[in-house]
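Shared between the two complexes below is subunit A, which pairs with subunit B and subunit C, respectively.
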Partner chain A sequence: MDVGVAVKAALDLNVLRSNPDGSVAVENIPLVISEYDRNAVYEARRIADSTRGRVIIYSFLTWWPADRKEKDFENVIREALALGGDEAYVVVDPTVSGSEPRFTAKVLASLIRKYGSPSLVITGEASTDMTSSSIAPYLAATLGYSVVTFARSLKVSDGGIVVERDVEDYIETVRASLPAVVSVTGEINSPRLPTLLQIRKAFRKPLVKTTLSELGLSPMLPKYSDYRLVTVKRKRVILEDGSPEELVDKLVSYLVEEGVLKR
Partner chain B sequence: MVEEPGIEHFLFVEDIEALVYITLVISAAIFLYGLYRRVVSWFGTFPPPLPSPGRALRNIVVYGLLQRRVVRKPSTGGMHVLVFYGFIILFIGTVLRALEYDITLRFFGTRFLVGDTYLVFKFFMNIGGLIAIIGLIGLLLRRGGFKSPYLPDRPSDYLLLITLLVILFTGFLLDSIATLSYRLGWIGLYDFIGVALASSLEGLGLDLVGLYRGLWVFHMVLAQLSVALIPYTKLGHIVFGGIFNYAYARERHPAEIPGPEDPEAEAEEKGYIGVLSISDLNWKERMDLDACIECSRCTDVCPATASGKPLSPMHLILALRDLAREGYEGELVPEKIEPDILWSCVTCGACVDACPMLIHHVETIIDIRRGLVSKGEEVPEDALNVSYNLMRYGNPMGYDPMERAKVIEELSRETGVPIAEEGGEYEYLFWVGCQTVYEPANREIAKSLLSLLRKAGVDVAIMPDETCCGEPAKRIGDELMYVEIVRMNIEGFSRYRFKKLLVNCPHGYTVFKHEYKRYGLSLDVVHHTQLLSQLLREGRLRPKRRDRSITFHDPCYLGRWNGVLEEPREVIRSITSDFREMPRNGRRSFCCGAGGGQMFYEVKRGERISRLRMMEARETGAEVIGTACPFCRTMFLAEANDSVEVLDISQLLEAAVDEDGKA
Partner chain C sequence: MRVLAVSNSGKYYGDLEGFISRLGNVEEAILVTSDSPGGNFSKVYRVGDIYGDLLARIVGQVGEPDLVVGIHTRKVLEAVSYLAGSRDLPIVTEVTGLEDMTVTRNILSGRGTAKYSLSPPAVLTIAPGKFSGQLSLGPPEVVELGEKPSTEVVSRSEKSRTGVDIESAEIVVGVGRGFKEKDDLKLAFELAEALGGEVGCSRPIAADYKWLDEDRWIGISGKKLRGKLYIAVGISGAPQHIMAANDVKVIVAINKDKNAPIFEYTDYGIVGDLYQILPILTRKVRELRGV
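After this line comes the complex of A and B, so read on.
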């Protein structure tokens, strides 16, 4: 069974820089594979191996300017291929300057329909840069697939899937029919970092680039004008006076006040 | 009988003389077959390609005849010297004897071991036998109680020593019977052992002729058998090590870790780089395996072993040798060798430096690491991270590359040392290096160094567009990444005109000095301790000497690998009258634990190497631990408490110069 993976080239938070006014200098920040998409590729590889299928990578370059981001983007896709993808279909379009989840899902859905239409599409639970967690549901809705989010285990059986969902307070096991879109958490597996040699080898795997117009899509409107970092100042509260018991009580009451803990 | 001193050949055994020649042919055949098998296993062909004769001869003389490495450990090395020279003398004597009988007497009817010559000959044979016996007994006693815990201690090890002793004792017994029968009158003390034994044999009333014949056959067959078994036993080190491994010794500097000729092509062709199975080892690595004498000197000094990690260099070499000899064709790791063994290595080179047979354990370990990195399996996650970070950020820690430029600008601003410009010309180009740029505590090293150079009026500029030097990639086994980095740096260097490259990191020093030339760039590399000691000698820096107690930790990559031992000490002695050496110093220094990429990953077994070294440093009672490597400094800072300071040589010197307000 072929398995599709929607991969995002996210802003590298390790080197995130903002201008003095708080706006993010998007054009200068390198791209990196979105953390949980590694898990998605790894999981897809495992399923494809046990069902003799291919792993197809889909991606849409949402960060701009496309000409300056294209090399980074390609590296991200090569990395996904090195992690276990067999082939990749991507959209790189100079007219794009940012995207919101519904549009991204529409672009990915067009790619998926045009190239391979796998009946199972996996993606990370959220992107590391924007963290909307909404691509999987939008994508499923656009494709007309069923959707299961936050999977911490995934099994294919009898033409359907059995998924353990991590919903924080408890884990629920759901069964869904195929075709489906599944978003996975970081707990589902532990992907290895690809080595340079594996990435070099991935250069032999097909990577097909296309544009919005070739997919029959028009650019998203309105465009984003800028992104801003919201900085939260530390409150720097230091509890010093009192016995350990009193300090703990004080700390707990502070945390309750801040809404971190629930009584 | 003979009128003047000389040999009575085949006394009492003329009728069975042919036995010597028969056993000789058999033992020679067994010996040569064993040798042939090994040579073919290294080179794949026979006869093997010849080494360069001058170098081969020099190595055999220096390391073999002069036993240079062997005597580094005076106790057991001394005993080995006695056995070695004893048997050399006996071997030469036996050959001379055979020459007289089988050549000069047989074909020309003349003897040369006669008269005074014979007496001298006899005396030397006594000495040879005696010192060999003393050495062997010493070695047996060592096994009785004074041996390293890592020394293999099997019955066969004793059997070997005892066999050699039996050969020597029976030789002396034969000698004494012969002396008794025809030379007691004139031999005197030239045969002091023979005469002494003869006098005690005389009164026993034995059938001396019968005894002689029996002993003769026993002695001769045992000696021939021992020679025949050389290639099959520990004695193999005589030929595989003492002749082959010396003659074919690596010509490059030991600090230069070689890599595949063309890693890209190798990756293309085999699908991986380095060593996955025995057949991937190169001929030199395979020869190394057979050269091992199992003396455990490598393991005795290995910081991984000492800290309870699974690596023991000797046992790794022996495990590989066993696999090679049994013809094992599968993958080595993890099937036969536990991955942690390879990842425990800090590449400190203590094993390489200690090995009397010139084995390069580190080269083999890195070659196997390359195989693992190629597969991306059995590699510590954090080590893979190093490669990944290098790929993305140009430094092994994954820090922001923009940060580097900022730090370099700051350094320039604070010290007044310019940043190198294209087109400018400088005496020294200073490469700051990742461990100094990114570790705030270590930036002080660069700051102190540059201030000192500024004060001394040195023409220096800071290299602005540096990345990783490649050392971590190389040591971790990511050859592709390493080559990519080297090429990039060579291009970077080409933009600047400078005479010497100045570094404060011995790891960068090593790769720039020894490993970049393979890619076409010969650099004159200077470590900052070298430059600082030179400035002191020239009187361009005049520190004030005080009595603060300082000890010095020799970084492996500076001291042992590169022999820079005196320079940092010169600097320390110039600033303190209380310099305290640690027990393990100089070439015998003990690693800080950060080498071989272990700054970035950890084999969490046993103790931390850095802790062991820190305890050693503390025991000197010194207030300051001097370092000359940012890796070492970081490790010690992590172990230090308030009672001891960890400072680089440049920081120490700057403090001493500042107070004085300079000369």
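After this line comes the complex of A and C, so read on.
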């Protein structure tokens, strides 16, 4: 059975930059594979291997400007291929400057329909940059697939899937029919770093780029605005000189002063 | 304006009512819930469980509302996102603020914010704990719906838990990988007890080592803190962890690595060995509080 994975190239949280006015300097922030998407690719590989299928990577470059982001984006896709993908179909379009779940899901659905239509599509539980967590269900509804989110185990059986879902206070085991979209949590597996050989092989795997117009989609003006970095309002008083006894004394007096520690 | 509110627990009705009452000119607010009916909504549809295809059927019956507002829990999030997809509506999740018809949400794992201008019809989820208030549209007529979702729930098990509620605790002591052994966590439990607080933990402690139950896990995928004091001990500070402590009034970090990211997000930090610092801190807190 072929398994699709929707992968996101996310802004690297370790290298966030802002403009002098506090707005996020999207143009200057590198892209990395969104954390839980590694788990998604890894899980897809496992299932495809046991059912003799392919793993198909789908992605849409949402950050801008496309020409400056394209190299990072390709590296993310190559990483997904090294982690277990067999081929990739992606949208890189110079008219894109941001997206939102409604549009991203539409683009992914078009890619999935055009290239392979796998009956199981896996995503990470959330992207690390926008964390909407709504792509999997939105995509499922768009494709007419069933959906299960926050999976921490996934089994294909009898033409359907059996999933353990993490729904906050309890674990729910659900059965859903195929075709389906499933989002997975970080607990589902522990992806290994790709080996050098896997990385080298990834460069020989098919990576097909397309545009919105080739998919018959018109660009959408993003309704998101005013991306800004939160300035850290913490006091950052660091105590390091003195004996442990002295350091603790200082801390305790600060906490009493703050009114969070009462006699 | 007509609003459809969605919740899987009665404890969020106040959040939903608070958000909806701030919209102004709401003529009708229907609640879909899987918990006991409540709140001052115009009407309540009670369902066995919250799923997207059920919501889509209810919307089919009552007509498309101007806004669908769900509480941001995993159940509701999946269901309203599916509903949005089935009707090609825009969706914005985990909203923390509302001004006119522009909503704010956190992005970049809590390191940033973004705005989104709503033009109904649209679907939202709101972050718990950010809105409160009451509508005056009730008392609602309650309609019980017996329909079943297409996803079949085979079984349900409570996560193993200790009954602690670190989300509503005023003081939390967080433990991370700086602790060498499970046994050593007692140092943190003693401090928490002296402070009258609870013990929380970072992701590896709950998810990888399984030293503590998941209801103590502080993170975007775990619990979020909103008390007055958080003391992070031996925690380097992954963005997902830091974000979940953003709303705490005072953050303290104790870590032997001076370059640990957590120090950037703390009010007071001690660079030192937790095995030395914690026993002293516990003793001093006990002296101070007379416990």
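As a working rule, the second predicted complex is superposed on the first by the 222 of 263 C-alpha atoms of A that agree within 3 Å, B and C clash if a C-alpha of one lies under 4 Å from a C-alpha of the other, contacts with A are read in each partner's own complex, and residues count from 1 in each chain.
Keep in mind that, in the parts below, a contact is a pair of C-beta atoms (placed from the backbone, for glycine too) under 8 Å apart; a residue touches a chain by one contact, two chains touch by 3 or more.
These figures come from a predicted structure and were not determined experimentally.
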Which of subunit B and subunit C A:Leu196 touches, first, second, both or neither: first
Greater residue coverage of subunit A in the superposed arrangement, subunit B or subunit C: C
Touched partner set for A:Glu187, first subunit B, second subunit C, both or neither: second
Partner chain(s) touched by A:Leu221 [first = subunit B, second = subunit C, both, neither]: neither
First, second, both or neither for A:Glu100, with subunit B first and subunit C second: second
Residues on subunit C engaged by subunit A in the complex (per definition of touch): 52, 56, 73-75, 77-79, 81-86, 88-94, 106-117, 119, 150-159, 161, 171, 195, 203, 207, 215, 220-221, 228-229, 239, 249-252, 258, 263-273, 276-277, 280-281, 284-285, 288-290
Residues on subunit A engaged by subunit C in the complex (per definition of touch): 11, 13, 16, 24, 100-102, 105, 125-126, 128-134, 136-142, 146-150, 162, 165-177, 185-187, 223-230, 232, 234-240, 244-245, 247-249, 251-252, 254-256, 258, 260-263
Touch list for subunit A against partner subunit B, complex: 12, 14-15, 17, 30, 32, 192-201
Residue ranges of subunit B in contact with subunit A within the complex: 267, 271-273, 373-374, 376-377, 379, 381, 384-385, 387-388, 391-393, 398-402, 478, 480-481, 484
